[in-house]
Structure formats: C-alpha cells, structure tokens
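Next, two complexes with chain A in common: one pairs it with chain B, the other with chain C.
Presenting the complex of A and B:
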C-alpha cells in the first residue's frame, strides 16, 4: 500500500518536472549572462528585460494583442451567450446544427482558413483583409468551440430550461428570467471559457502572421521577429507574457471569488455537511417521523 | 359551475398524438389527479394548462376566462416541478419572494414569512437550496408557487423523487395545505396509491386519452375497462370463455371479468361447508406465496388460469406452497367488462 503511494508520488513528481523544466529553463535563460558549458548560468543579468522594457514596439505589440483579445472575447460572449441560450431553451432541435458549426474550426487548418479569408475579404463588399478586423473575425471563429462548449455545458448543468419555465410561471418575462435566474448561475462557466479563450489567443501566431503580419504587430509576431536577433530576449518576452496571463487570470478569479463569497461559503458548508452525513440521516429520519 | 374547463384539447409531436380530445371540468377547491403510466400524456396536459406547451386544438378556461393563448406569466397558475427547479443562486426567502418581486407586489416580507410558516420552514430562510434535504426543497417549491395565490396549483409528480417516509409525510402536509387554502389543484402521478390517498377525483389516462374519471372509490371498485382494472389494483382479469369454463356456467355475458385479489377467499380442499350460494368455487393449488408485510399474496394455479389472491397476514393461518385449495369468488364482486 505504502510503496504504491510512493510510486504515485514519483509519477506526479516526474510530470511536474517535465512541465516545469522548459519554463524554468526559459526563465533562467532570460536572466543569463554567460551560459555555455555549465548546468546553471555562470552569471546573471537583467539587461534583456531592460532592453525589452525600453522597446516601444513591445508595448505596441502588447497593446495590439490585448485589443484583439478584448474585442474578440467580448464580441464572442455578447453574441454567443444569447444565441446558445435561445437555441438550447427554445429551439432544441436546431442544437445539432449549432454544435456542428461550432466544431468546424477544429476541422480547418489555419493556413487553409487564412488563405480563404484573404481571398474573400480582399475585394467585394467587405474589404478588411490586412486590417486587424479580419483578425478579430478569424479569432472569433477560433475560440468558438471553447465558448460554445463552456456555455452550453453550464446551461445544461443548471437545467436552464426548467429554471426559465419556473421563473416565467412566477411572472417573469423571458429576459427577466434569463437575467435573474440563468445568468447568475452560469457566470462561472462563462468565465472559464473566457479565460481559456484569452490564453489561447495570447499565443496565437498562424492567423496573425498570415492575415496581417507586420501591419498590426501582435506579441507573437514581435516574438517571432526577435527570435532571429537574440534567444535571451525572446526568453524574456515569453516570461513576460506568461506573467501577464498569470496576473490577468489571477485577478479575474479573485474578483469573482469575492463576488461569490456567499456561495463559496455555502460550498464549504456543503462539504462540511457531507462529512456530517450521519447527522443528516438522523435529521431525515426525524422529518419522516413527524407524520 | 365549473372552475377549470378543458375543452377537447388535442396535441401531437411529429405526427404522434400525445393528447387526444381531452375534456374535463373541475370545481373550485377540488383536488384532481391525472393518473397514468409514463408517456400517457399526463405531464403534457399539465404543461399545456401551465402554458409551457402549446395545444394544437381545443381551449382551456380558468374561472371563466379563456387562457389558451396566454403566456405562462399571465395565466395565474402555480406549478411545482418534479425536480423542484429552485433557483440555486437565491436562498429560501429569495426563492419564495421571487414571484412577488416580479409582480412588484406589496407586503412581500410578511407574505413570504406567512408562507414559510405554512410550509413549516421557519429557520431555513437564509439557507440555499443545496443545503436543504429533498423534502425541504419541495416545501420551498410549494411555497414559491402558493405565495402567488394562483387560481390553480399544478403539481408535476412532486413527490416521486423522495423516499417513502418523507413522501407519506409530505402527502398529508400537501393535502392539509390544499384544504386550508381551498385551492384548486391538479396533481400528476403514476402511483395509484398516491392518487387514491390524495384525490377528490381521479382521471386515469392512457395513450393520450382519459379512460375513466371518478372518485377514488369508484375508480377502484368499478374499473371501466381492462386497462384501468390492471393498472389501478392488480385485478385478476380473465377472458370470459376461460371464466365460464372454470365456474361451469354458460349463461354469463361480456368479454372479460375483473376480480380484485382481496375479495377472493381461500379454503383448504378438505373443507365441506362452502357457501356456494353467494360464491363461485374454483379448485386449485398454491403455486407461490409472497409476504409484503401485512399482506400475504398467493399465486393460485387452477386448471385454466392463475389467480392472485391477497389475504391479510393473520397469525398462524397461512397456506403452504403446493397446498390444494378452493378459491371462493363472491359473485357480486365479479366485474363484467364489455370491451
């Protein structure tokens, strides 16, 4: 029994090491001065970070990336949430079509998608090829599967259809029902999808490079460009944007946790009451005896 | 004067008829039950009354007003779902107050407090639904519907997710509250025992139609057809030809005969003094005995058919498996079914 536990721990440990080594390596390399034939760097320096933080292109690229993410993810939530809600609740038989559409992006390689998009949007009524807007469109499609699955699963978990039925019978309009009983219960699910999408878009390169390239430099294009000049600098970029994602995610999670303090508290209580199972059973028996 | 009228309501899904020409009327304050197996259309009928399903044909009236085309929020009906459908983000008080808030009603606090008292949930106002037991959740759902003072209360198998003891308790509770508020109630269940204990009137449904309606006693003692006889009380239903052969009488009419298992009496084969004036006597042997606590259920094999015979579990009086017996069938308890 004990030896098998040790075995489990070793496996987990190896996995953690496997996942962390590239990160730690990158971090060390971004701080390294001279590092040729030793296991750890011979000297440390902050000069790559100083160089990076003095580069205006970096801030611009970061701005571009954040702009794209906020617009795309925002647009996605605003459009997809009501769409999925309406389809799931009122047009159940159309759901398979929406599902198929949401899964399509998985089936199309970015290169093929990009070439197609450039062809379609180079002329005709909507000429947005080469502008950031075509990237917003492409990214919207890229994150569609995540947004769709996340929102749909949340709606199913809370049994949204029945909650709406109940609210309507109590005098709420459809919109009131959505706002007061569905939305508050799926917000955490939406948040998870959103964070996943943000992380995905932060590291997106193929579409950005093919569709707009240097005309609207994102952080990934900036990174690719710097790859040729200095490995130390690119390591610094990677570490910086990882930190930004971490900070962003942490802040959002913390904010929502504070908002849902009441329900977190009750969650805790739930696990406690699970421990007090025998007590609860006693209670139930009492309730039955009251008859 | 009828309070609820359902007039020839018909509904189908993809060419399949779910409700076929359903008509019924209820008096104010009546407790009516729609009883039937799953898929018989009883829940669909209830949801149609609530406005959660559209009907293809027919109309529904409550208190003289045609509500067939109204949206659920304007129908003044309350509904309790099988899975409660409480709002997980609100506590007990907020759940019950929800409808009043939507209607911008006055005295919300006192009305909710009264309701909490009525359903016996004092002290649980601040609890969230997942912190409550199933029975308590169902009470909240009931209070949430009742606080709106609906004209009709609809209950969709509200007790079937609860265990037996709490269920019995809530049945009584529900009946008490219904009487106290004198609220017209339509209850949906597949459990005939529950229907019998709760209802003033039962509507037995099968394949989208009402096959019989009446008081619990009427339904139980005078089933109108084979389906009701089998569904409602484990009746022994025999083909008339078989029955004629068993009792050696040819003058009996009808298609089938239905006999309740508890009116049959067993006597040992050796017994001489059989009352054959009031009873038919049929020879047989005990094929199987099972005990459900207070009732002994015998399976008696005769030359043409097997009978189920129920007897109260008296001390020391029990037929062994294989024993030769006479079944005494009271003549006046034989219900002749024409169809």
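Presenting the complex of A and C:
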C-alpha cells in the first residue's frame, strides 16, 4: 500500500515538473543576465523588463488588446443577457435554437471561421476586413459558448422563470422583474464567464493574425513578431502576459471555488459536457410540464 | 361582439357587466402583443451577430468551396484538386497523424495521472487540478516560444546537455515533426487530465470491495469493471483532443512557420498570404477541416450519452 503511494507521488511529481518546466525556464530566462553554461543563470537582472516597459509598441499593443476585449465582452454582456433571459423566460420553445447557435462556435476552429469572414467582409457592402471591427464580430462569436453557458446556468440556479412569475404576479413589469429581481442574483455568475472570456480573448492569435495582422497589432501579434528578436525580451513579454492570464484565471477559479466546490475544474473545454448535463435537465423539466 | 364568461370583481366578487370585461380582455391582449413585439425586437442584435459572423461566413465558405478559382464557374474542381495533389493530401495526412499521436499519448498519460490524483487528499487534488487548469492556459505563441528557448537550436537544455556530453538532443530538431508533437502533447495533457479526472469519481469504492469479495484481483477489477466504465469518457476525451489538435494554428505557426506542411497552416496561407492566395481552394480545405471537427464532436456527444446511460 505504501509503495503504491510512492508510485503515485512519483507520477504526479513528474507531471507537475513537466508542466511547470517551460514556465519556470521562461521566467528564469527573462531575469537572466548571463546564462551560458550553468544550470541556473549566473547573474540576474531586470533590464529586460525595464526595456519592455519602455517600449511604446508594447503599450500600444496592450491598448489594442484591451480595447478589443472591453468592446467585445461589454457588447456580449449587453446583448446576451437580455437575449438569453427573454428566450428562457418567454420563448422557451426556441431555446434549442439558441443553444445550437451559441455552442456551434465551439466546434469551429478560428482557422475555419476566418476563411468565411475574409470572404464576406473583404468585398461587398460591408468592408471591414483589416479593421478592428471585424475582430469585434469574430470575438463576439468566439466567446459566445462561454457567455451562454455562464448566463444560462446562472439563470437556472436562481430559478429565473419562477422569480419573474412571482414578480409579475406582484405587479412588477417585465423590465422591473429583470432589473430588480433577476439581475442582482445572477451578477456573480456572469462575472465568472466574463473573466473567462477576457482570458480567452487575451490569448487569441489566429483571428487577429488572419483577419487584421499588423494593421491593428494586438499583444499576441506583437509577441509573434518579437519571437525572432532578443530571447530575453520575448521571455519578459511572455511572463508579463502570462501573469495577466494567471491573475484572470486565478480570480475565476477562486470565484467558482467559493460558489460550488465541485466545479473547480470548470474550464472552458469542459463546457461541452456541461452542455449535455444542462440539456438533460431541461428535457426532464419539459417532460414534467407535459405530464 | 362575443360576450365571454363570468368576469367578476376580485374584491367584491360581484359580476362585472359583460361589455366592460370584454374591453379589459382586449386591452390585455393588445398589451401582451405589444410587449411580445418589444421582446422580439430585443433579440435582433443577437440574431444579426449570429448571421453576420457565424452562420453567414460558414455558408459563404461552403458556397465558395464550390467555385472555380476565378470565382465565377460552379464546380467541384477545388475538392478534386485537393484529392489529386500530393502536397495537400500530405498536409491532411500530417495533421491527422500529429493529432492522433498527440491525442493518444496525452490520453494515456492523463488516464494514469488522473488516477494518481485520486490517491491524494481532497485539498491536494484541488491544488493539482488548479495547476492543470493554469497550465492549460499556456498555449499558442507563448508556449512555442518557451519550447524554443528550452529546446531550440540554442535552447537552454540543448546547450546544457551537449556540454554535459549527453547526446539526447543531438538528433532532436524542435522545428520538425517530433518538436511539433512534443509541444502539442504539452498543451493537450492538462486538458486531458481535467476531462478524464471527473470520471474517476464515478468509480465507487464499494465496487472494488464487492469485486474483491467475489474473489477478484486488482487487475481483474480494472479489466472487467474499471476500464469499461471509463472507456466512453476516454473515447470522448480523445475526440476532443483530436479536434483540438486538428484546429491548432498559433502553436504550429510560431514553431514551424510555413516550413512544415499542416492543414491549418495551408488554409491560412491560401486565404491570407499574397503568394499562394486562392480563397476557393482554402474554402474547400476549410470545409474538410470543419467536417473533421464536427465528426469528432459528434463522436464525443455519442460517447457522453453512453456515460449517462451507464449511470442511469
């Protein structure tokens, strides 16, 4: 029994080391002064970070990325919240269409999405290929599955339909019911999917590179461009970038962890199996209503 | 004018004159209709976005794939070109092979590692899952870069090992097939662990006890009970990983650029590069890639249904 625990410790230890080595290596490299023939760097320096934080291109790229994220995620919340609310509460029979539309981007990789987007928007009435606006549209669709899951699950957890019924019985209008009863109750659930979307868009490269490229340089494009220049500087960018991602996902994990312990591993890619679960729940609910 | 049933005042319970009730009823109906109209109007932005950026582009791609390269003639020439060209067939084959190998290796590692996870206390398990979650975000350009500084031509490990006189990396070339597989496995493993781990929760301790009471060994437990229970989830995870690798673009782009023949890289250069621009051919290849992805997702869904039926 004891020897088998040692075995599991070795396995887990190896896995953790394997997963962390690239990160630790990059981190050390970003702080290294001279590092040629020793296991650990001979000297440490912060000059790469200083150099990075003096680079105006870096700030501009960061600014572009933040602009895209704020616009897209903001737009997504403003549009998806009422849409999902209205369909769940008032047009239940259309829900499967909403679900299909919301989950489809999950199965379409950006590389495929970009082909059609270039085709549609490079000529014709709306020519926005090469501008940030096409990215806003593409990103809106990219984060659709996560926003849908987050908002839908929140609405389900608070029993939105019954809440609205009760509020309307007590004389509230539809808008009042949404604003004063439902919205305050789901705001924390939405926060999680919002942060997840922010992290996702932060690391988006395929759309940015294929649809816009250097004309509106995002942080990922900037990074890809710097790959061939000084390795130390690029490491500093990678570490800065990854720290932001860690901060975002760390907050997400903390929030989910606090809410329900079981879903610590609720990651973006797990949403598919969540979908199955929620779908089943909906079916049973429908059967209950019919009988 | 139709007079409807017995309307009455709620407070006094006295009947309301029929005419008044009728007016009220029509009023309510009209109001409801108006409200419904407003509600539908609120759905419009969503519908526009879905048509403009999701369905529209997909339909445009599908349509475009059936046009000749001049964009006028309707033909299946593009698909024929792909299946006749050694070059494009090789791209598809390379993508398939890399996706298959990286998915198989990652699933095997994840099955073992996730099982080891379950041997620790709940607190440590959560920590480990957190590490998996955090590292699953380390992908694409930054990941490729990390591998370049560690294992590239002048990489830390490459130099270190050659100085130590170990020739492990002497024949190793990161910017090749083996390098790609190595990096793909790295970003697949955390994902695979997170997908497989929950299904171990479905294997109850009592089953093991029952099995050993009936004279079963650990080996026979896994052979007859454990693995069959896990199998649908393993297959489902495999299909997700496979699709994930098929669609991966950023990692390959940063690591091998256009030096290696992969489906996703070929599509990218067909639709956005000036040299090899041929959107119709790119569309046809995009359709093929999308079909593969949808196939993998469909398979995953079938497997998920199996799990649920087993649980019932």
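Brief remarks follow.
Heads up, the rule we're going with is that the second predicted complex is superposed on the first by the 220 of 291 C-alpha atoms of A that agree within 3 Å, B and C clash if a C-alpha of one lies under 4 Å from a C-alpha of the other, contacts with A are read in each partner's own complex, and residues count from 1 in each chain.
As a working rule, a residue touches a chain if its C-beta (ideal position, glycine included) is under 8 Å from a C-beta of that chain, and two chains touch if they have at least 3 such contacts.
Being a predicted model, the structure only gives us computed values, none of them experimental.
Applying the stated contact rule after C-alpha superposition, one finds that A:234 touches chain C and leaves chain B untouched. Which of chain B and chain C touches more residues of chain A: that partner is C.
Contacts of A:133 after superposition: neither chain B nor chain C is touched.
In the superposition on chain A, no contact is made by A:67 with either chain B or chain C.
After overlaying the two complexes on the shared chain, residue contacts for A:21 are found with chain C alone; chain B is out of touch.
In the three-chain superposition model, chain A touches both chain B and chain C at residues 269-270, 273, 280.
Here chain C touches chain A in the complex through residues 35-36, 39, 42-43, 45-46, 49-50, 52-61, 64, 109, 112-113, 115-117, 119-120, 126, 128-150, 156, 159-160, 163, 186, 189-191, 193-195, 197-198, 236, 240, 243-244, 246-250, 253-254, 264, 267-268, 271-272, 279, 282-283, 286, 289-290, 293-294, 297, 300-301, 304-305, 308, going by the rule given at the top.
Those residues of chain A lying in contact with chain C across their complex are 4-5, 7-9, 11-12, 15-16, 18-23, 25-26, 29, 35-37, 39, 79-80, 82-83, 86-87, 90-91, 101, 104-120, 137-138, 140-141, 144, 174, 199, 203, 205-206, 209-210, 213, 220, 223-224, 227, 231, 234-235, 238, 241-242, 245-246, 249-250, 253, 257, 264-265, 267, 269-270, 272-273, 276, 280. Those residues of chain A whose C-beta lies close enough to touch chain B in the complex are 158-159, 162-163, 165-173, 176, 180-181, 184-185, 263, 266, 269-270, 273, 280, 283-285, 287-291. Contacts from chain B toward chain A in the complex involve residues 50-52, 71-73, 75, 77-79, 81, 83, 85, 87-90, 98-99, 102-103, 128, 130-131, 133, 135-136, 144-145, 148, 163, 165-166, 168-169, 172.
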